[in-house]
Every structure is written in C-alpha cells, then in structure tokens.
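Right after this note come the structures.
There are two complexes below, and they share chain A, which is joined by chain B in the first and by chain C in the second.
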Partner chain A sequence: MVAKKGGSKGMGAAEDAEEELARTPLQAIILADSFTTKFRPITLERPKVLLPLVNAPMIDYTLAWLESAGVEEVFVFCCAHSKQVIDYLDKSNWFGQPNFSVTTIESHNAISAGDALRLIYEQHVIRGDFILVSGDTVSNMSLSQALKEHKERRRKDSNAVMTMVIKQSKASPVTRQSRLGTEELFMVIDPETKQLLYYEDRGDNLKGYLSLDKALLTDNTSISLQNDKQDCYIDICSPEVLSLFTDNFDYQHLRRDFVKGLLVDDIMGYKIYTHEIHSSYAARIDNYRSYHTISKDIIQRWTYPLVPDVQFFGNSATKLERQGMYRAPDIKQSRSSKIGPFTVIGSGTSIGNNTEISNSVVGECCSIGSNVTIEGCYIWHNVTIEDGCKLKHSIVCDGVTMKSGAALEPGVVLSFKVVIGRNFLVPAYSKVSLHQQPIRQDSDEELEYADNSSGITESPSVSGTLDLLNEEERTELPDSQAYEVGDGGVGFIWLVSEAGQEEEWRHSVAPIPVDKLVAIMQISNDEADLPNEDGAFLPPSGELGPDSITNDSNEDAEDIRDDSVIFEREVEATFQRAVEEDVTDDHVILEVNSLRLSYNMASADCAGALFSSVMKLALDAPHDSPNELYKNVVSTVRKWKKLLKYYLPSIDEEIEVILKFEEMCLESAREYSPLFVQILHHLYDQDIIQEEAILDWASEKEGAEESDKVFVKQSEKFIQWLKEASEEEDED
Partner chain B sequence: MDFQVVVLAGGFSKSLVPLVSKDVPKALLPVANRPVLSYVLEHFEENNLKDFIVVVEGESAALLVGGWISNAYVDRLHVEVAAVPEDVGTAGALRAIDRHLTAKDILVVSGDLISDIPPGAVAAAHRRHDAAVTAMLCSTPISGPSESGSSGGKDKAKKPARHNIIGLDPTKQFLLHVAAGAEVEKDIRVQKSILRAVGQMEIRADLMDAHMYAFKRTVLQEVLNKKETFLSLRRDVLPYLVRSQLRSELSQNGAVAEENGNSKGVSDSTIMLSQLLTNASTQSFHELYALGPDGSALSPRKTHKCCVHIASKSNYCVRLNSIQAFSDINRDVIGDASHLSGYSFSPQNNIIHPTAELGSKTTVGPHCMLGEGSQMGDKCSVKKSVIGRHCRIGSNVKVVNSVIMDHVTIGDGCSIQGSVVCSNVQLQERVVLRDCQVGAGYVVSSGSEHKGESLAKKEKQ
Partner chain C sequence: MPDIERLVNDFVAKLSKRKVEGSQATSRLTAELLRSVVSLQRLPPTNSAAVLIEAVRGVGVKLVAANPVELAVGNIVRRVLHIIREEDLSLLTSKTSDLDLSAASDDEGTIDQDFDPTQSAAAAAAAAKSFLQPPSLHALLENMLDKAIPSNNYTSSSGGDSEEKSKADKLARTRKLKHDVIEAINILIEDIDTCHELIAEQAVEHIHQNEVILTLGSSRTAFEFLCAAKEKKRSFRVVVAEGSPRYQGHALAKELVSRGLQTIVVTDSAVFAMISRVNMVIVGVHAVMANGGVIAPVGMNMVALAAQKHAVPFVVVAGIHKLCPSYPHNPEVCLNDMRSPSELLEFGRFSNCKEFGMDSGAPLQVVNPGFDYVAPELVSLLITDIGGHNPSYMYRLISDYYSADDFDLQGRIHK
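Take a look at the complex of A and B:
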C-alpha cells in the first residue's frame, strides 16, 4: 500500500512489483540515534554514531558498508544532537558522493525507533524495499543474497515484510550474554522456510524453561529452536513496515514491539524471515562491551575492508605492522616505549619514555607521558596523559587530561574534557563527566530506561551486590557539589543507577572479573543442584495424564484464590508501610484503591483485607494477656478508624469484615478467639460495624454447620441485647 | 552383543476389548494369522538377538504366552517368560524383573511393535555414544494407524493431540526434549539449560516414539530403584533421563568402579575402546558442558547422554495398541508391508493356504490371506482381508477390509466390511457388519445388521 502511495510515479499493483523493484534505487534508512542511554555520559555531548570506533566515527563504517553493498540512497534519521550529525556528514563529504545520495531527516521529538519510522513514513521518501540499520552497525556483508531471497519471498507472499540478518554466536554459558554484551537470544525458526516464529531477547532468567506456544507445532511439524544466534540488527524491510509502524502507533522498539507484535498477531499474517550470514561480519554497537568487542574485531581484521589501514572515510592512514599493530606514520614515539600487540596509534600522537601500551586504541594528537601503562583502553583524540598514569580497560574521550600519577580502574569511562587530578584513583566502572548526572531521566529516555531497570531481574547474579555496594559507597563518598576527581580535577562522578548496578560489569569495556565469573558459576551450579528446578515446572509426565485437561476449571478457581491471597498480602504490606512511615489515610486509600483495581477485587475485599491488616498489627504489638491484646486492638482501631470506616460504606462490607474476623479467629490469629465478642462489641461501640450487620451476620449463620457457629454462639448474648435494643427503639 | 532383550508383552489390554479375551491376551492377537509377539521375536532373531525376557501382565496371560512360546520357539530361542502383576506399568514390570537383568545394556521393546527397523541400529547408536538411554523414533506412518481412524475427522487434523513433541540436537543424534502431545497443555516448555548447552534444538512433532529403548542396565536399575513412583518408561523414566541429562543424578562412576572390581582386565580394554570411540568423534555438547565454561571446571559436571535412532521414512513401524491399529496392521502386513509377514505371496499378490477350499465363482483379491483349512462357498468375494484357519464361510459372502480369526462360521449372504471377527464366532445368514468388532464365541443372529458396534459375550467370571 505504501509502495503505491510512496511511488509517486504511478507504480502498478503487486504484479509489477518486480519491475518496480528493479527501477527503484536501493534505499536504506540509518537511525542515527539509538534511543537508549547506554553510552551516557558520553552521549550527552556527542551523538553515539559520531563516537570514534578505532579512530573513525561509527557512522562512517555504516555508510561505507552501505555504499559498498550497492545501496544508492540513504536517509539518515537524526534526532539527538542532530546538528552535530549533519555537520559531520557535511564536513566529511558524504553528501557529495556520486551514485550514493545521503539525505538527512531531522526530528527533535522522536523518542524511539517507532517514532522515527512513522516520521519517515510521512515523508513518503521510501519507494521500495529498504535496508533498516542503526548508525552504529559495522558490517561487511553483501546484501545481494539476502535481498534476492527477500524479493523472491515477497513475490510469492506479499506478507513477508521483513528479513532479519542473523549470525552464529553463542552466548556465554556463564554470563548468558553474547560477546557483544547483549542478552542471550532465543529464536524459533522454521528450518525449511527460515521464517521467524518466536523471538525472545529478554527472557526471564529465573525461569529454567522456555515456553513456546503449542500452536507453533500445528502448522509446522518441525521447528528449530536456536540459542546460538545473534541478531545483527540489519533488516531488509518492505515498505509495509513503515505503514505498520504508523498503524500501530504504540510500536516503539524495533524488536520488542514490532517483531514481537508481528509474531503474535496472526490476523494480518505478516511474516518475518531470517537470513543467516556465515563468513561475513555484521554487528551492532549496543553497549560498551560491544564497543570493545567490535573494536577488537576491527583491529583483527574480521571486518575487512573496514580496517584501520584501508582508508574508507574519516580514518587517517595507518600502517599495519606485525602483531596487529597499526601506527600512523607521523607519531612521536620514544625508543624506550613498548607498544604491544593489537594496538592502534593515531597520527600526531606522542608517546614518552618507558610507556607501555597494549591492546588499546589511541586517537589522534594525544600526548602520552613517560612511565604510563595503558592496557585495553580506548583513548580518543587530543587526550593528555601525564607521567606515571595507569589505565586499564577504560574509555577516555576527547580532550581528557589525566594529571600525573592518576589511575583508572577497569571499566571507567571519562567523558569529554574531564580532568583527573594528581594521583587520583578512579574507581572501577565509574563514569566521569563535566555534566552533572541528570537527577531525573528526561522523558525521552524514560521509555528505554524503564526497560533497563526491568533488566535487573534478568541478572542471575545476586552475589555481585556485595562488591557493588562497596563500589557504591566509594562513589557516593565525595560531595556531589564539588568536583570529585582529585586535586585539580574537573568532573563529576556519576552515581551508578540502581538498575545499572549489577549490569555495569556486564556491559563495560573491561573483561568480566574472575571473581564475578566464579560467583555466577557457583550460583548456576547451585541452581543446577536444586533437584526440582525444572521438576516443578515439568512434572514427571505421568502425573499429567491426558485427563489433566479436565482440571482446568479447578485451576481457574485456584487462580482466583491465589489472586485474592496476593491481594491481601499486598494490602497488608501497604498498610504496614503506612504504619511504619506514617503515611496519611488518604494515601493509603489511594494505594489500596489502585491495588483493588489491578487485582479486580470488590470493595468488600478491601474492607476485609484492611481489617485483617489492622488486627494483625494489633496482634503484633507486644502483649501478655488477652486483656492487653484487647487494649492493643482498641488503640489500633482508634487510630485507623477513619480508614476502616472509609471502606465500610454499606452493610455488605461490614458483614464481610465480621466474616473475615471470624476466619482470622479460626485460622491465622487464634489469640483473638476468646476476645471475639469483646472486640465485636467494641467495633459496634465505635460505629465501625452497625447492628444491622451483626444481626444479618447472625441470621446468615443460622443455617450453617455447628462448627461454623462457634462465634455466633459466643456472641449470642450480645446479639440478643442488640435485638432487644432495637425492639426498644421500635417501641419508642 | 551383550544386549539383553526385554519384551513387554502386556496382558489383557482393555483398549483392545473385545479382541482380547481371557483366552487370547494381547500378545497372541493374530496378525496375518500369527501372534503379534512372533513378529517381535523373529525380527530380533533375524538380527541375532536370541536371549529374551518376555514380561507378561497377569499369571494367566503369562501361562498362555509361555505355552505358545515354548511350542513355537523351542530350540530356537532362549526365552524366559516372567509374569508381573497387572497395572504395574512398564517401569513397574522392569522393576519386577530387576534381578534377571544382567547384561551391560538392555533393549526394551514393546511386544506389540511391528517393525522392520533393525534393532542393531538402535544398539549401535547406543554404544557409539555410551548413552544412558537410546530411544527409537520413527516418522509418523503414512497410513497413520491411530490417526486415520473413522473417529479422525477434521478437528483431529488440526491439533495433533497424539503427537509426541521431541527435541533433537542439530545432528539428530541426541534427545534433548520429550513430551507426549497430550501432556503439553498450552506451551511447550523447553529447558533453557539444555538449550544453552546445545545452542540449537530442533523440535519436531512428526516423530513417534516406537517403544524400543536401549538402556544402560546400571542406569535403568538405579532409576527404577530410586524413583519408586515411576510407572511408565515412556512417560516417566525417559522424560526424567532426558530432563536431567546435564545434571545427572546417576552414579555412573560408581557403577564403572564396580565393574572394574569385577573384571579388571576386561574393563580396561572396554574403557580404552570407549575412549577411542569418543575421541574419534568430535566432542558432543555433553562433554563440553561437563568440562565447564573454561574447559576446566573444578569438578566436572555429571552428564549422561540420551540418544535417538531415527528410522528412515521407508521403514515400517507401527504399534498394535488400538482396534484401529489392529485392522490397519493386518491390512498392511498382507499389503504394503508384506515383507514383514514372512509369507510368500502368490502371483495374485495374495496368500491362499493350499488346504483352503474355494467355491465356484469365488474371488479372493490381492492383499488377502486365507488360512489353513478354511472353506468358502460359491460366489464369495474377499478383498483386503485376512481370514483365519478352519473358517467355514457360506455362499454369497462379501468380506472387505476385515480380519476374520480362526474357526469362524459365516452363513450365506453375509456382508462384512471394516470389521474384526474373533475366533469361534458364528455369523448366521445374511448378517451385515460394518466397522464392528465381534468378540470370541459370539453368535450374531441371522439377518441382523450392525454398524460401528462392538459385540461380545458377557465375560463369565
């Protein structure tokens, strides 16, 4: 449909699709904004796509690859720091290429890939199949095969809207993340057609099993469940993809919303296929770890021809020497310095005496003093490192100065123009920036951010907390107002966000510390030792006979019961908090109401739950005799009378409360059973429970079994008295 | 080969009433006029496996089966018949004969399996990987014994309730996941740990568990002893072994040590051999996993292997576990899968025993069998049916797609379609049967018509 709309030259129907495709130049969309916050604080000052990757901006890799793969028209979607991106593209001559037109699309309010694609759709610039990548993709794959497959499928089935490029890559069995630092990915692919049937990249690690819809197997007799693939985030899309984003205005994330949405939706029948590449390279820089991994891959020439000694764009000439060393011709290097394997030194850089650099990238015009050790670091341009500094597995951005004797522990990120004071030790995984950490994430990021925080549950590690707690203390120590980076230093150390805490080591450039690995391994072993880890979910099949289907109704009933139990627990917790933190009644009411809505409970349930919470509170207060307990109850009820009353608008709720109380006396709080009448009377005196409710309760109970009538009997006198009182009233 | 074969012959299967009776246990049901059990025994005999333990449920059934075996296979096979109580399940049956198991590996096969898949292939797969268990899987047969029944219909085709869901590694040698279709309620739940170790799992719904397993004896005995609640091999033992393959609870090492103690000289060489064999192939994911992530775990994780042998599509493999299957198998054995029957067919593609007598203008079509001493009157027509021994069939009788057992008397003008008629049944004149089962000794009165019924005498207890 879009094809027709977009094709302003009067394109024909689907039959002509082939011709149309032949005529349309191959187009690509580069999203020059990742819509995430993973590269903060660096990305506060510079867009991610312009960050240097082995001394060339990331977007150059993407553009160079697209150009070599035969793409003729590229639309670069810029959002954050769009001016910088446009300026860069202008300056670097990408705009003036023959047979390769680069157009920028600027937006200032897009907060997700979904918004970006909706905006591009409105511009009607996409006329045929297009390549969708983000501006941080490094690849040397040839698109022709994938495109051919995609087009062939399209011809047969217009619903085949997308082809995803995947690559073999096994997640680490320990950390369960790929070498690119992304979460392990589970996919189900039809082995014959390569259709993608299931995609899960943020599985719940706490579950030992993966649930697949049985329906997957009704259509296909054989499906392939894969855990050893990596998503390259290179998609070949049909124009429908854009309109789908427009139709589903809530689609934000390409994978989480769009791909999963299409897989779940069986009404429209859109299909996604996969194309596996074997010998070529494709990866996307998603986090610091992938930045590190891909840098290494580039240095080790997996990405050929996108390597430092081949000039593509924006990188300066370097010469490859043995052991994977690349040196620009005009560097000043002391004779006594040692430059180790797999290292890139940019032009104009000077290196002092006895300095050792290994496995690192050093940018242009840096000056490195004497007796400096640099290991596994990414040092960008114009960095000054004075004598005696020690850097390990860190990222050092443009213009940073490290005063003499300063040291970086693994995983540190120094953002632009930070100055580290003399002899200051920057603790592991800390991020230093001239900008203060934003207190609140701006709304742009909230979306992604919320997702990130849900990510903690995915981390199997609990043991890491101890270390990280220490770390947090360290980072928290200095006053956040002043600069925190030592004598003469300039910069703020960002606090590690709660959510990020456990993730830091997963996604940093530093290798994962051994103790962490050991800890995780220990945990996974422990998990494995639990005899019933999966047993609970996968009962010995014999127990689940074919007749288990008949149990469904029971299960439903149980579900409801569970819900009400959980609801009660939640209310109790809310109430507890109210007691401890002295929350006002209004707030408690608000919270309980929201609980009630989310659990779909009646107001009577709220009353019952609150009442039982109050009674439990009274029970928890110290007491020696029933008498004291009664006093506790009186005082607690007095305190929370207003709250209780709020949930007792009618007789029904009051009866519910009496029933609840009865139940408590029988089960959870037997201490109350001798006090039943007394408390009931008190509640009556306090106008919490009216006499009608008590009388109704008594008459309701009349037909019950003897065992159920214990408390009715107990309160017989009271009821009798109530009855007489009301009669007297009538007489009056 | 050092394989012991345990044939689970069942007892008086309730699902096969009225075909089974107290005189004919399931194992002795005739398939092309031979007891079904003989197919299993002779199939193994052809593959040079001659030591059997036949486990029968119930004393009386065991007597009948034992009697038949000693008649038929005296001198040829070494068969022990063991009786176990009824309803102990397949695992219970093996538990009961625990002390008879002595060989290193045990082949367990269901007594109702009609198959031409060489058991040697299963045994080889088992030994190749030194597996704890090896299961034989076959493609769901085209004739679809349990599926293509008249009860089939469209909704069945929609949801393959009977199918097993089987997860295999990419090389199709290891069993990673197993669940019977009926147990999978909504979701297929796949263990992530196994998936992580293997990387890729192929999940298939078109494979059938053929009920032939090779177990390592020590493993089998250990599981049976430890897990007393396990009743069924297929539903309990196999899923358990598959589930726990990467964190094995089996004390294999202990078992090896024990064997070492028994016969040191021999075991050294076997260990050498198994090492050679495992080194010959690239390491399977089990070994890699056992080594831990760095290839040098502090304590190697215990694993055991669950292997499969997948029979090729051309193999025949069906279990006689329903009335529908009984009819189908009888038809197949004299039809498409005629090589199984062991009979030689006439040029007309049928088998008519020389002593059988046919009246004038009586035709017996291809894919038919007429047993010893049976007589047929004039103008009869038999198509795709098996007729047993010493039957007396009148004139103008039509028999299509049916199985008629021994000593059946059929009156003139009867028409029998898609039915099973057991021994000693008497069909009086002009009886019409369609899709019926008639239990042994029943008398169908003349002129009556039955459709889709099960006719049997009330069991006299």
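Take a look at the complex of A and C:
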C-alpha cells in the first residue's frame, strides 16, 4: 500500500506524454444504488450502500479503498434513499478529507446505471479517465498498474474505452454459480492483448452449450474461453463511456446492455480490455450470498488493511484474538458464554450465560440473553435477543427484538425493527419486514429488473421437487398477512414470488442444503454434464480445455464411469443438438471425429454410439404401437442414413452396430425387442448393414449363452433367408 | 500555518491505513509531528510544562490507537514527554539556582515528579508553586529541616520585587521551555536518523575475519552493520534466510552482493541445517521489550532456537527508538500484526477451498502473523546506538530514556 501513491506519481513523472493525463486528478464514480431488488425488504428502509458489512457501512469500504488507491475526486451518485446517503456522508468525515474530495450527485428518477451515467454526463464533471464502481465494492487492489495499462492502450488506440478488472474464481461445478452467488460467467479473451471478445453472465440460459460468432475465430489468431473468472465490477473507463451511454439511450445495465452492446456492435470499433488481479482482493456485494462470503473474507483478512481491527475509517476498532475472533474492548460477556472462531462482536454488546456464538457478526449495542445459540448469522446494531433463542444463518437488521424462545431457520432475513413473538419459528428463507409486501411489482425500477430474478431456468424435475418443498412451506405460512410472527410479534412475512422460489437457496446467506446439492448432482448426472465439456472442445486453444474435463470427472467421482460411457453420452448430445439445430451431416461428422480423437476411441465405437443415438431419437418421437415405432425408425434412419453409412466403412463396425442394437433391446430400449428382426431387415434393405455382418454376428453368437441368443433366435428365419440368398449368389 | 488537528488526523489516517511502515520512518514522522504539536501549542505563562505534556499525551494516545502494533510510535511519544519533563526540570534548576544555590546543588539522578499529585506532601506543595526543583534526596532532607525555604524564595522572587518583572520572566521562561523542547526533539530526530551509523560503527568489534554471519529477512540496521564491517576490510560470508512470506531476504542478498559481500541465500527452513557453520546471527528486529525480549519478523524465534542449540551468539541490532518500556504480555497475539493471507497464497487459486456456502465442513483457513516474539534468554546481545548491552540491562536503559509516569500513556496511574 505504501508504494501506491508514489507509484502512480512516479509513472506520471517518468513519461512526458502522460503529463497531460496526470494533470487531471484521478476521478471515480460510485453508484450508490444497485438498481436491483435483491436486498429487499431491507432496502425499502435503508439504501444498500449503508448496510453494515462487518459493522461498517459498505460505502466506507469502497471510499476507503478508492482513497488509498490514489483517487482524488469521487462522485457519489445517490438515487434511492439519497437523503440517507448524503446525511451519512455528512456525518462521517468523508466530505472534509484533504486530497480526497467527495461530491454527491442526487437524482430521483434514475432507474438504472445507464440513467445515472447519462445524468453524470450532463453535469460535465468527468474530465478524464475515471473509475466506475458501485458503492458495495470491497477491494484492496492497487489501481496504478491497471490505470497504466489502460492509458498505454488508450494512447495507441483511442477506441479502447474500458478496462474491466477480473479475478480468478471458479464457479461450483454443481450449482453453476460462483462463491459470490453469481451465475457462471463465460468470457472470451484474446490471450495476447487481453481484449474482451465475448461476455455471457447468464450461463444457465445456455442449455449446456455456448455459441460463439464464427468471426471471433476468423478474426483472431487465438482466443481463450474462460469460465473460471469473476467479474469484479471495477471498470476503468474513458470519458467516451459516458457519451456512449448518452448516445444509446436504451442502455440500462452496465454489463447486459453496455458491454454486450459494444462487443456486438463493431461499427464504432470500441474495444474493452480486461485486467486480471491475482493477490489483491476485489468483489462486489450483489446478493445475500455474496454478503455472507465477503463478510467471511473480511474476517479472514483477505481485504487487509480493510479489516475489523484496523480503523480504516471511522469504524470502531476491535481486537483480534486467536482463531479469527474479533472483540471490541467494552463488551459484557458472561463467563459461561462461548464465542467461536470467525466471530466479530461489536462494542457495547452484552452476552448472557451459556450463550454460544460462532461464525457470526454481532453489531454494536446488542443485548443477547442466556442460552442463545447463534450460528452463521449477521446481527446488526441495537438488536435484542432474549433468552433461549436459536438463530441459524440469518440476517437480523437494526432494532429487531426476538422474544424468548423464538427461532430462525436458515436463510431468514429480519428487516428493521421487526419483533418476533415468543417461541415463534420463522420458516427457512422467509423475509420479515414491517412493510407490507407490494402486491404487484409496481415501481418502474422493479419492472425493469423483474425478470432478473427469473434468470435461472432449471429443468422441470428440479422445479417439481422445489414446488413440493414450497408447498410445505406455504402451509406453514399464514394466509392472513396481519402481524403473523407469533405472540406479540410485529412484522409481515413476505411471500416468495413464484419466479424467485428456486433462487432463494442460491442467494441466501445460508449454506446450500445438502439435499439441494444432491438433487442437482442427480440431474446433472442424468442429463450429462455438458456445458463444461462442450466448452472444452470448442476452443482447442483455450487453456482450460483439458482442465475442465478432468475437473468435471473429478467432481462426479462418486460414480466413476469409464471413458466409453462418457463418450457415448457426448456423441448422443452432439447428435441431439444436430437434430435440434438442423446441423448438416458434415458438421456432425466433424464434431464426432473430434470427440473420438479426444477420447481416443475406435471408429466402431463411433458407429455404435451414433446408431444408438439415432435409435433413441426414433424412440423419443411419439408413438402408440410397435408399428408406429417402426415407422419412426424407418423415417429417422432414412434421414440419417448418410451419417450412419459414413461410420460403417467395414464389416467390423456393422457388427458393432448390431451388437449395440441388441444391447439396447435388452437394456435401455426394450420397446425395440419385438421389432428387432423388422428393424434389422430394414437396415439390411437400406444397405446400412450388409449380410456378411449379420451372418458373422450370428455365427459369433453361436457359442454364447442361452440368454444372449434371444435375438439370434428371433432372427433365425431372417438369417436363414440370408444364408440361402448368399448361397444362391454363390451358385450363380 | 497548518492546523494541528489536521496534521494529527492526517498522520493517524496514514498510520491506521498502514501507509507508513517500518519503525524508523514511523518514529521519525512521529517525532516531527510532535515537534509541530509542541511548536504550535499555545502555552499559558504558568504551568506551561504540564499543558505541553497534556497536549503531547493527547496526540500520543490517538497515534498509538491508530496502529497499536507499531510500538515505535508510543516510544517516541514517551521520549518527547520525557524531554519536556527534563527540559522543564533543567529550566527550574537554573532558575532556582539563581535564587537559591542550595536547592540546585544536587540534581543528579533525580526522579522528576513535579506534576504528579500523588507525591509526598512537601513535593506537592512545591509542585503547586511550579517553581521548586523536584525533591532530590538532598533537597528532601533540606525541606524537612526547613519547609519554609521554598515558599520564602517564591515570595521573594515574584511578589517581592515587581509583578511585571515576574510576568515577563515567566513568559521568557515559557518561550525558553518551548525552544529547548524543540531543540531536544530535533536532537532526537537526528538520533533517529543517525542510529544506523552509530550502530554500524560498532560492527568491527563484533564481526571478525572469515566469519560466517546469518541473518533473516531484511533490516536496514543489519544491512548497514554488515556493510560497515565490510568497509573496514573485514572479509566474511553472509547467509541470508529469505524471510517468508515477504521474502525481503532476496532484496537484502542482492544488495549485499552488490557491495561485494559473499552471500548465500537459503530458505527459512534450512536455517537449522546451516547454523552449525555460522559464527554469529545478526538480525534487525521490530521492537525491543523492557525485559530484553524482542518482537521480530516471523521466523525469528526458530532462528534463535537454532542458534541456542548450537551455542551461536544471537545478536540483535536495533536503534534506541525501538526500545519499548512495556513488558510483553501474550506477545503472540497482543503485539502481533495479522497480515493479509494473500501474501501466502493467491486468493483465486484456493477460492474453492474457501467455500462457506457449502456444507463441506470447515473452510480453508490461512493465518499470516507478522511477528515472532523471541524471549530474552535466547538473545545474546543487543546492540543499540549507545553500545552493546545484555538483554537484562534493558530496564536500566529504559529508565534513562523514559519517565516512569509515561509508561501508561492513557494516564490511568493518575487517579
């Protein structure tokens, strides 16, 4: 941290050309509004940037970081609850800092980041390159390197308008979300220039594959597709960015509209670059889960020096004790109470007898009674928790009272000043507020982002189980909304909206329940875990090709499948895609060949796999009787005859196909067993399988066990007929 | 004229954000800040020293709270307080010696207690007059014999002649006090600046021809010490343990080689293997405690233990500004700096092991303490600006440089 300021100054002095840039002070824009509803209902009463994160408002982290990184002028854009933000900044000393001026820009009608930037553009306050962050960013990165790169690029190419800061972080292979609770991010980056070429942050919409523009491959000598990066939402922008927002008045979201817009639109030729940070920390609080994760990172000191025992700004200092336990000097703690590791206790808090607190943050001036259990919770200031309460993985806001014996199940959020009645059990993932839940999503802001929450589309089976689960939940919830939080409780339980249901566990502070994980694992096993492997063979130059394959097979270690099974599944998926998208035979052949190479398979395996795919396709088509099924087969085979033929250059492959078919009839597709002969005959008629293959197969089966000979026997007549025919031919 | 509060807040911010690091830089800046505090402080004609002390202490408490780990801050604050007391005392002595020779006759080795209200009745009475020299044994005896003498002196000096003269006198004295204190702080700053040279001068007495010296991490003091010996044509070899996780040893080794010293770099874990070949361990430290134990970069205790096992002298070089008058209590926790785990490993690479969201048991935990505590039994010699000392001698040095009243800056001793 010492070198930071000196570093940026020295850089300016060293290079004359940079002098003019160095003269304008380094500016930053903080968006003190995330324009989303993820933190509802808390954000109905207080803006998100003022919510305490390990007992200090989020915006203090952002400002303290910007200040130490050498930013001189900061514009804080306030929208929702703007008065509270301004009042807070007034009360704290941010306005009076030397060499660090903080100015607020207020607006009441901005409904998106785009609006905010358009408004700032109109004010003409930004004179040079600036840093664009939201007020919920926690970081300790040094900006000097990223700025230097940005300015150098700018000098060479004035179209390089933005540098995005990214960081390594792999999404969980099971839930397809990062540890910050955001969805898996796919980016295509030029490994040489670090230019961003493609950005897709709604991975779940991909249905397991990703389509890249062909131009990407033709225009660039090499690209790398990365899915192990996290977007830090720290952007170094040129002034053009603001005017771009003004020109494109429909740009709303920074990533979804602006970044993707620039990437797609190549008329203007604007370019976006990335800067990867390694050892320093940067993350944004986007949802409850990232609130939880980042809190833990702060407690584990990854954000040093922005940690609870350093007074980075106005926060009251606590003392770090063994095992990551922070305690303010003036707490009243009973001797029989136990405070576990990774816990922060704010000043003025009292803790009663036999109370156990672990993995939690407790704010200032809270009073916690006796025999209370608190695990993984975030308790803000002035909270009263009476004797015998049990709290698990919840957020409890300022001024809440929990009467004795009340309990919170994982994922609960209690908004400001709620009172939970005696012995009342708040069901999991429920949100309790003094405000009524808006019946219709009425405000513009909500409409704008209403679809956000439904970003995740899961396969029907998941929603099925979830629906069941929610059904149970709903029966617990009272129908009438009037203060139903127990005896003497005050507050409304917000019903989870239909769209948000399955998202709750993804984004809550509670750990993901095991049964959910198991459910997803099963689905991903059933449906073949495609996305990663697909990504792996698309860009052969990508550095994560082999990596992701090994990763995935590692993850599913509990059901070790040998390569051929995976291979078959892959081929099947490829084929399915070909059917859905009407891909020509040639392309399918190409893909199957590449698969074959990567799994080191014989061409016979390809034939078998493809054949079974074709048959499955026919089986999937609607049919009522074996007769119709047969017709399906006929038509499907006709369609894909060329493809099948391609992989059947010799008798061996054909035998493999017959064996495969036999296997299918026995195991996976029993519907075919009565049709075996018919289909075999059809294949023979179509010249897909030659008589030699059938005869060889029959003779091979001669010595097999009785059970194996079912189909040979079934097709005895046919074989007989074939034999005679061939003899006749011989005779001729 | 810069506002003093702003200066203080600036420095507090720098300290708390860890923008100022290293004991020498910190202590120098602290001394400079306190010098401006002293020079900008408006002093009343009477009791000026007490006002000054309160001002400096007030600032000092803030500074110490800003970075409690950097003990040098507290040391310098205490040094400045001590300076004020001393200067006040010497002014008093010169003053009273004009008036009363007998009272000034014996001021050697006195304990200054002039503003402590808990003193003996005689001293308290004298302090109230703010004129009398603190009671040396001799003076106490004198007072016992004749309690009237000081008060008589007082009345004769101020009341007797003329009011204006005494007022001007007091003003001049206040000004003189300020001036003297600033002068003394300047000397202190100079001492801090030159401590390396003073320590390095002693190098030839300790480093002999063809010896092998081991050091850990990087310390400017140790570096200068080694270079000074080299300049005096001593030829010796240096083994540098790299000092994980900050690896400052690498930089040190580079510089030593550029100075023409034979240098070997080893990992920290290889220290024990090397120690049998080493004649002496010379290290710089973060702070020296009152019992002679030292707070040093992490890994030092291991080196000290290895040195003890092979009876290799473990020599600590430290400027006197690192001498801290407090005793270590639970030093592994209380006097330690838990630094960012990212110094040990990159965040992204292990982000999967740090998953709190999953129910997969305890997440990966990375702990990165900044300092080790080396017990005084393991320290063979402490070399400071003023020579080499046994660790057990530290208490004596402390009484030379600090006033007992200032040990607790919060002033909780004063009821």
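General observations
The criterion applied here is as follows: the second predicted complex is superposed on the first by the 478 of 732 C-alpha atoms of A that agree within 3 Å, B and C clash if a C-alpha of one lies under 4 Å from a C-alpha of the other, contacts with A are read in each partner's own complex, and residues count from 1 in each chain.
To be clear about the criterion, contacts are C-beta pairs under 8 Å (C-beta built on N, C-alpha and C of every residue); 3 or more make two chains touch, one makes a residue touch a chain.
Just so it is clear, the structure is predicted and the values come from calculations on it, not from any experiment.
By the touch criterion stated above, A:P513 is placed in contact with chain C alone, chain B being left untouched. When the two structures are aligned on the shared chain, A:Y304 is found in touch with chain C, with no touch to chain B. After overlaying the two complexes on the shared chain, residue contacts for A:S280 are found with chain C alone; chain B is out of touch. Applying the stated contact rule after C-alpha superposition, one finds that A:S211 touches chain B and leaves chain C untouched. Judged by the touch definition given at the top, the superposed model places A:K170 against both chain B and chain C. In the superposition on chain A, contact of A:G324 is made with chain C only, not with chain B.
When the two structures are aligned on the shared chain, A:P98 is found in touch with chain C, with no touch to chain B.
In the superposition on chain A, A:S222 makes contact with chain B only, not with chain C. In the superposed model, A:P191 lies in contact with chain B only, and not with chain C.
170, 172, 517 are the residues of chain A that lie in the contact sets of both chain B and chain C, per the superposition on chain A. Across the complex, chain A is touched by residues 158-160, 163, 165, 167, 179-180, 182-193, 195-206, 227, 229-232, 235-236, 239-240, 243, 246-247, 249, 289, 292-293, 301 of chain B. Residues 6, 10, 16-21, 65-66, 333, 338-343, 346-349, 351-352, 354-359, 363, 365-366, 368 of chain C are the ones touching chain A in the complex.
By the touch rule above, chain A contacts chain B in their complex via residues 170-174, 176, 184, 186, 188, 191, 203, 207-214, 216-218, 220-228, 517, 521, 525, 528-529, 531, 534-535, 537-538, 540-542, 544-546, 548-549. Only residues 1-2, 5, 64, 68, 98, 140, 167-170, 172, 179, 181, 230, 278-281, 289, 292-293, 296-297, 300-305, 307, 309-312, 317, 320-322, 324, 511-514, 517 of chain A touch chain C when the two sit together in their complex.
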